[in-house]
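In what follows, a single structure is set out as structure tokens and then discussed.
Letters A, B, C, D and E mark the chains in the order given here, with residues in each chain numbered from 1 onward.
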């Protein structure tokens, strides 16, 4: 009874703001726990970005939030602050899965699917979904069989199909993967406007930090099935709390206390590390050049040090040759202190 | 006879350098021409990036080059400078399709597929493909059924599977889409090294200009089934030859002579246009603010002008409110002159 | 060979002279077979779908049983149903033996494993993500299943046609539980057998041709229905 | 009901007392049905694959024909084959009528449309990109098709089992072209019919059970072969 | 008088009979007349004699019309059957290839059987415990021959199918005259008219002793009608129009030749 009343209290206290959320959500498959999220809330009008390495459980989280698919799920999904059943979620949620799954039939029929599944008549559904096809630049393909589309075209149809139902909750799984850069840039801007207008709660899974910055007020970092960090996007991307989070947001050089002589583990981005010219201030870590990779716009130098192999990314192409001694330098302002990874 | 000897001469003249290429390649479906490439050559050890909008025919080009699938193909594919049949291409080519297509069975079995299809015994094939799974960070999944993988994990298996055959020609269709940012960065570096070592000719389809810069010496821009521009990557990305190419590589603001008063059409990147503070030199185009989209790291301001709607992207968040008059300014050094799009 | 030609001629004359008995037999054949297929579908489609989509213990055993069941000898099914419907049998009170209803029962038993096995095979081949995506667009369980059915339309129709084909063409059970009673339970196959045993080979082949025509017509209707624009 | 129990007891005693005649009949049944299925597969698999993967004119017509063909009445097939094999018939010179070979021919005719239709359905359901990806890994045409076959293993096995089930359990054609001659062309279904017409219902059911056991054993072997680890 | 149409739909009896009565077309002639006369609808189930008698034994039929005297007597002796009445007869004939390799044409039937066995000419038996098969077995017995492979082959099928097998294999066989007349089988009629070749049909009533759902009044109605004058006249006329000779000889009331 006690734990129950606690739960319901905490639920009520959130119900004003939370459109979609969960409490103590767990997912397992074949006896392995894929996901465990004690608490998550996304408000109406808010976009939450979810970043994480491959296999972290991002797609699993989206599915669990929408009660999609046959997962072994535990815990509650909350809709408007109240525990919701699959039926409630069906009418509230629209999802774009990681891979566009289109039906047999034309593009227009596919775009209308969401509305039709919600009971809208065929003609009406097509009328209402057509503008979304135009918005995503695939209106001219309306009469084409969906199975002949290119990858990016199919992805656009999948997005149009989900937006056409004006959902209260939008679950997007890497929706912009496969879109060309120009469309993607325009869509980021357009989607921002659309979502603001729709008062939709959006969960956006992405690997692109720029997308998170552009669309999401808050970002969650998911590693090995757990949310390690959740907060304002800019802060999450700049102040990782542990080594895994640091790696995830680009601080891939990890410098343990033994190497730096500082009390905490420090992390740094390769683009802030240099193997070429010792900067005046900051850390200096000696090592041997392992390899030099010219990368178009710059050069990546991997240096073997006491902290393992550190990557340095610099514009230009001058680098010490492999096998030579080098000193990796990082300015203090670019160092971040983190905890050891939670295990 | 004449045309024949011309062809064979031109073929011989290239045969020293060209690993994979084509002459007068055409693909059509349902009577619609999807692709027409008069000439293309990729040398051993070279990486050619192919950029293009969705539906441009990039995947079609890859398939045509590998004689993959049942396309209505015309013209010749050249292998080592000589017109090649499907049989020749099968033994030379490995492809990563846009969508990872895995077989029923374990990850290890999938990784070994390419070698087994080339006649390598099962045990040997598994032994030789295992290191590639490790290289792509999915070695620990070897015994898992391939159908339970996450999207990114499947993509990695597909890449490992193709690399495991050490192909003479590698066709990659957006191979890094769906990979997390850290893996992608590492893989870009690793792949560079691997490809240099393998002496493989690679065609890389991508939407990511950074990937092209990092991996490809030359880049082709494909629009509506035709290669509009082909050259050194840095030049292609910075000096588009026509409006379509300009849009494709990020010069999305198109300024016609009528607006600029200059003889040619000019293009500019949104990040080089400003609606806030008139810069001292360069172009000034007056207009009305249509909308302001805050995009995390900056603000996008769309301005309605005589040249249509122009997008301005600037860090920070100060922007004139919608409806107000504004002047879009671009520095001269950021303007590029292009032709009208070829029709 | 002249027997075959003879059969063709007789088939045409049977059909176009509007021979009342032939039409009655054909109609009964259609009614019984369609009813049996419908019953088999009613039982078999949910079962096949459960096998394809579910994750309950005994799934594989059920599938193996269904596959074996496709080899259920109609004669034996007929015999078992007969024994059950016998006056002395447990269901004798209904007096169903030697009625079309009994034929429907026996043929439904024959067709059900066909439906189960082929429906399961058909649904298992659709992308497993399909149902998830339909749910993700707001489909309730029923609507999602309907969408899945529409997606697997062609193989499902093939399953239905296999089942219909199995019952419309079988003779063992029809003969045994129906008794081949003229005007009551005589269907095209039993009529063909009777004609054969009377030595009227041309007539037997004519009945066979009418049967094929019937099967083709049903197939055509079903195929066209399955390809309606959407 | 006691008839059913009686059948079970007799089936067991037939099998375990090692009744030589029963074993001979069972073996003949297996041989004929397997041979017919093999012939049907030899003809039907390439045809079904061509329908599924090809793009030639008449594809859909062929498919409709195959679907209709699943409803080929065995009685009529038997009759037509008989007429052709008659001494006075065009193929009478071979003296095949009332031999197991004739039964294989007739049953292969019955099973081929089943194989064609179900193979086509099975292959059409595999991701069309699959073949392309196999080619993209260096598969020649043959190897790519083999890989496709492995991928569609389960529905292909279902097709094979449907075909085997159809022939092993049918009686119309077996009776007509085989003649149910003791020791020569008597198979389990015709033996069951004979037992029935002799009023030996228990024995008939016993033969039916043996038949089911046989079908199940074949299914088991095929299923296990299909699930070998890879 | 005839009962109302409404109730006649409810009143139907099951007649278990042999395939020969159905294959010859006799039933098609008799049953409508019976229904018209008595109001009983009939479900005729045409099966092997063995199965027909078994159905009577189990009470699954109301009345049985068969031609297998030995099996019938055994059945009646069990005590569950009612009246067994003589209905009609026709005769069996020995058929064979026109060339007659065993030289049986015109011989007495037991001599013919011996010659067939002696020369090893193919003999095709129905082997299905039908009335015809039962008679054939007793003929072998009388001839003192034990038939066996390879010349003796059993089809396990009805008369029509067996005639075709015999024709294809150029063998001898025993058939009832009606089926032989009805089927253009290409076999020559070699032996006929022997007293041992009489084919006698009896109607047997099934009683409630065989099963509680049996309708004895239906059995009585059928037995009475088929041995009555109207039915006997129909039987006597049947076949003349088509074959130029009657196929059956009505016998009701005559002394029973089978004892």
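As a working rule, contacts are C-beta pairs under 8 Å (C-beta built on N, C-alpha and C of every residue); 3 or more make two chains touch, one makes a residue touch a chain.
This one's a predicted model, so the numbers in the text were calculated from it and none came from an experiment.
Participant: Taking a step as a move to a touching chain, how many steps at least join chain B to chain C?
Facilitator: Minimal hop count between chain B and chain C: 2.
Participant: Give me the fewest steps it takes to get from chain A to chain E if each step has to go to a chain it touches.
Facilitator: Step count on the best path from chain A to chain E: 2.
Participant: Among all other chains, pick the one whose mean CA position is farthest from the mean CA position of chain B.
Facilitator: So the chain farthest away from chain B turns out to be E.
Participant: What chain pair shows the greatest number of contacts?
Facilitator: So the chains sharing the most C-beta contacts are C-D.
Participant: Return the distance between the CA-based centres of chain D and chain E, expressed in whole Å.
Facilitator: 36
Participant: Roughly how far is chain B from chain D, centre to centre by C-alpha average, rounded to an integer in Å?
Facilitator: Taking the average C-alpha coordinate of chain B and of chain D, the gap between them is 52 Å.
Participant: For chain A and chain B, let me know how many angstrom lie between their CA-based centres, rounded off.
Facilitator: Taking the average C-alpha coordinate of chain A and of chain B, the gap between them is 23 Å.
Participant: Find every residue in chain A that makes contact with two or more other chains and list them.
Facilitator: Within chain A, the residues that touch at least two other chains are 99.
Participant: Mind pulling the residue numbers of chain E that touch at least two other chains?
Facilitator: 161
Participant: Please output the residue numbers of chain D that touch at least 2 other chains, ranges allowed.
Facilitator: Within chain D, residues 127, 176, 193, 196, 201 contact more than one other chain.
Participant: I'd like to see which chains touch which, written out pair by pair.
Facilitator: Every pair of chains in contact is listed here: A-B, A-C, B-D, C-D, C-E, D-E.
Participant: Please output the residues of chain E touching chain D within their complex, sorted ascending.
Facilitator: Residue list for chain E touching chain D: 47-48, 50-55, 127-130, 149, 153-157, 161, 164-165, 168-169.
Participant: Quick one: in the complex, what on chain D touches chain E?
Facilitator: It comes out as residues 82, 86-87, 97-98, 175-176, 179-184, 186, 190-191, 193-194, 196-201.
Participant: Would you pull the chain C residues touching chain A in the complex into a rising list?
Facilitator: These residues of chain C touch chain A: 55, 127, 129-141, 143-144, 147, 150-151, 153, 230.
Participant: Chain D touches which residues of chain C in the complex?
Facilitator: 1, 3-4, 64, 67-76, 79-80, 83-84, 89-90, 114, 117-118, 121-122, 124-127, 152, 154-155, 158, 161-162, 164-166, 168-172, 176, 188-189, 192-193, 196, 201, 204-205, 207-209, 211-212, 215-216, 219-220, 223
Participant: Quick one: in the complex, what on chain A touches chain C?
Facilitator: Contact set of chain A toward chain C: 63, 66-70, 86-87, 90-91, 93-97, 99, 101, 103-105, 109, 113-114, 117-118, 161-162, 165, 167, 171.
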